[in-house]
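By written order: A, B, C and D. Residues from 1 in each chain.
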Amino acid sequence: MASITTSVGSFSLENPVILASGILDETSGSILRSLRSGAGAVVTKSIGISERKGYSTPVISEVGTGLLNAVGLSNPGIDNFVEEYKSFPEKKKTIVSIFGGNVEEFVTLAGRIEEIGFDKVELNLSCPHVKGVGSEVGQDLDMVEEIVSEIKNRTKLQVWAKLTPNVTDLIALAKASEKADAYTLINTLRATGVEIYSRKFVLSNTIGGYSGPGIKPVALRAVYDVYKETGKSIVGVGGITTWQDAIEFFLLGARAIQIGTALLYEDYSVYSKVNQGIKKYLDDEGFSKLEDIIGAMVAR
Amino acid sequence: MNHARVIDIVKENKDVFTLSFDFSIVAKPGQFLMVWVPGGKEIPMSLSHITSPPSITFRVFGETTKFLSGLRKGDRMYFRGPYGNSYPEPSGRIAYIAGGTGLASVYSMLSKYIGDVFVGARTKDDLFLLKKGFKIATDDGSAGFKGTVIDLFVPHVDDYDYVFVCGPEPMAKSLLDKIDRKTKTKIYFSLERLMKCGVGICDSCSVNGIRICKDGTIFSIEEVLKMNEFGVFKRSESGKIEFFAKNKR
Amino acid sequence: MASITTSVGSFSLENPVILASGILDETSGSILRSLRSGAGAVVTKSIGISERKGYSTPVISEVGTGLLNAVGLSNPGIDNFVEEYKSFPEKKKTIVSIFGGNVEEFVTLAGRIEEIGFDKVELNLSCPHVKGVGSEVGQDLDMVEEIVSEIKNRTKLQVWAKLTPNVTDLIALAKASEKADAYTLINTLRATGVEIYSRKFVLSNTIGGYSGPGIKPVALRAVYDVYKETGKSIVGVGGITTWQDAIEFFLLGARAIQIGTALLYEDYSVYSKVNQGIKKYLDDEGFSKLEDIIGAMVAR
Amino acid sequence: MNHARVIDIVKENKDVFTLSFDFSIVAKPGQFLMVWVPGGKEIPMSLSHITSPPSITFRVFGETTKFLSGLRKGDRMYFRGPYGNSYPEPSGRIAYIAGGTGLASVYSMLSKYIGDVFVGARTKDDLFLLKKGFKIATDDGSAGFKGTVIDLFVPHVDDYDYVFVCGPEPMAKSLLDKIDRKTKTKIYFSLERLMKCGVGICDSCSVNGIRICKDGTIFSIEEVLKMNEFGVFKRSESGKIEFFAKNKR
């Protein structure tokens, strides 16, 4: 059978299927469950400096082509996170997602998680529905550059920069964060939804992030654009539900993929289904390892 | 998002209401809805009847349940679901143990599977949906047994083949603590936690990696015993761990 | 029965369902067919200065959540267009879409179509897959502003500015084109698609525009954002397939809607289906006219 | 996008090939595929057999058909479809009139509905898929009747109840011009135009607002007669009007 190990920066993974930030990764118990169910790694829900309740319900709404969400970066704050995760057994397979409103917050958060033994961080530069953080920070090229460099300078963490697709010039953003060890592409698209009989928005926050199958064509394009331009390690995310979807991302340059909304459709079996499918594809198509198809469609 | 018309709303006691609505729902006993107040919140709510017309039975607790209590015949009512697994099919002698609005959930079983119903409430005035033969416990003794419904029930556990429990987590925990764990009686719990999504993706309801909304809400006693967080701490809306009063470590 | 007449700028429409640019509107025969089938108006395929063959096939590819296309602005050029359309009978119900690489081209095209008796133009500032025109022009705030003002100054045409959603700041773009009589929102999302067995792109041009149900949440958000900010006439487009979809756009401020990809799913019956549904909704919900629900969900 | 494996590829004459492939297709006679050469173009191609295994029969014309002619057993072949309507079910006496590769399209009818086949080609060497009894016309007279297949057929029109025609637009136009329009014979045409999408949305194949790909490809003579653009002009890839040589206004 073909090998499906991969690497992202200096991180080696047994398999390329990673749980995306924000879906079933708030509690340590659920993170362990994903790893036991076959995820190659897990990204935590994004953690900030202080506790946030997030938006009131409804925080999600299913649409025919995916999911709208505005959870609102609910998180217990870094102190409580450290308390819950300081003796967490699977730190090497866990990438901690952090968000902040400025360089200092990002650096503080990164320092705190390094202290308790994590070695990888994903920078949420892209949540599209919370004021003052996420994509609002993630659109500011200077700030993005400084956040990434400062964390690289001041910690030994592997840094994944998760970029927003809601921009005119994704390449400029990728270049601003080029000191990162990898790019995670993409976060959700800014979107909204309407209920026509009550004439109200389906999310309490009005605006939310759109994920699931409907965003895959945009995510593929983002991975292609950035891989073609930079050749760097990319973690592909956005609408991946089946192993076929995963293969598409690998062919365009992703070295690993993340799965979020598909948990809604496939539940915890999604990891093994996708991994089995990838193996079978590689075998059937005569490839001995995943590496052989990564970026295969992109002339660089 | 589904919407239905309110058929009737009945005031069961000072603050509990049963709202029936016009929708041909396909639900199993023990399932719940996410009920939405447009412009307001969305909350989990058990189906108290799954036969036509379906209904929910709720206590006015905060703004959302208050709003629901004000709905009138013909008004629209919005929901998604039903969600969650269901009570397993019982046989032999059956007992239902309900604390507070937990009665709504087990009520969906009663029309199909007759059994003894043990109901607990703070006072006589908090009781609702009572039927002849229900065994009652109140904290203040204003009706029935003085004490908790668990204390009322525990001595009788071996009289039953199947027991279904729904109520606040501390009540369920107290049953776990007081019961003889070697009993042959099959005991199932319908659990409640803060639920934001109801469909198993937000993690707000998870206990030891088990999602109450999707893996449950109904679990066997063996499953619940494996959850070492159960009855010990819950999560606030931020995901922060909050210990139950008596179990603070 | 409720009235479904509407107006966009000074243009009065018998019904609010318009055929979007690029779908079954290259030939005059097909435009007439859409009008006879119940479209309130039709936008032509985008016309440029010179003849363009467009990209070679494949120019479309169906995905589960919509359609990818890179037709490549094939068009016969303005001279041939004028030849075919100079005695076209339905000029008042036809909005001519034009694209160009600079202000002068846009102004020339606008002048030519005004000369032969058209009175409305839609500016394609947003096609995402052709170099030097479309969204490449449409992202340049100064150029957009100049194109719109020059056409307004030099012609009597009603101008609809069709904006690209593939930008960081749609509001800035809307402000740059505020002299337009209406905004058309949105054009397709930049996207791509992969065929995993041949390991080739599904479009000959690699990058294409994504349309259909999968882009509706993004289109709704764009309409909401721009309507809330500007209050101007908006023509909503993106993923509208059913009358329910149309109602969502009206509630967020669209005064009319356009339908493109839905022709693939519903064919020419889409106009009457959507119009009937809108009427029935208005009747059932107790509104006497479409106007009553336009923008009803947006506090301004 | 579907893909199949090539089962066989047969050279029918100097430049015509029949490629059969392994796919359980559900198609009606007269339907076509959009055949894709990965990395290259996608072209419309009639199914010459719709029974298992399905096949296409094509003349090497440009780069795409050239590539297809080079496929070998076991190679992958990509397509979408089948698309288009189909020939109506005939009864009584049937004639098929095929010009050039138009024979591929009517061939899908032959196994089910026996009839007289009139085939036209430039020369003897351009003929393919011939069967005993086919009535042949060649421009140069190198085989059969010297002249067009239309001239060969027209005198016999009233001998048939159903006639199915597929070939280049000028050939079909010539039939329209030469036939007695009062004939009781039911005549159907399978039309060909430049096709970019094949599914009825790009407008590149439209004639008077009728899409050959989706409203057709098969039309009755009455429908064709209503198309006043038919046989007069076609559209280039840009959408520009290009008059057929003889009909320039």
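The rule is short, and it goes like this: contacts are C-beta pairs under 8 Å (C-beta built on N, C-alpha and C of every residue); 3 or more make two chains touch, one makes a residue touch a chain.
The model shown is predicted, which means the values in this text are computed figures rather than measured ones.
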Worksheet item: Among all the other chains, which ones are in touch with both chain A and chain B?
Response: none
Practice prompt. Measure off the straight-line distance from the CA centroid of chain C to the CA centroid of chain D, and report it in whole Å.
Written response: 36
Discussion item. Centroid of chain A to centroid of chain D, CA atoms only: how many Å?
Written reply: 51
Worksheet item: What is the distance in Å between the mean C-alpha positions of chain A and chain C?
Response: 33
Discussion item. Residues of chain D that contact two or more other chains, please.
Written reply: none
Worksheet item: Residues of chain C touching 2+ other chains?
Response: 197, 199-200
Discussion item. Graph shape for the chains shown, where an edge means the two chains touch. Line, ring, star, complete, or other?
Written reply: line
Worksheet, complete the sentence: Full set of chain pairs in contact is A-B, A-C, C-D
Fill in: Complex contacts: residues of chain C adjacent to chain D
23-27, 29-33, 45, 51-54, 56-62, 71, 74-77, 80, 83-84, 195, 197-200, 202, 204, 261, 263-264, 267
Discussion item. Could you list, by residue number, the parts of chain B that touch chain A in their complex?
Written reply: 1, 3, 34, 36, 38-39, 41-43, 76, 78, 80, 196-197, 199-204, 206-211, 214, 229, 235-241
Response to the item:
In their shared complex, chain A is touched by residues of chain C numbered 63-66, 68, 139, 166-169, 189-194, 196-197, 199-201, 206-207, 210, 213-218, 220-221, 224, 244, 247-248, 251-252, 281, 285, 293, 296-297
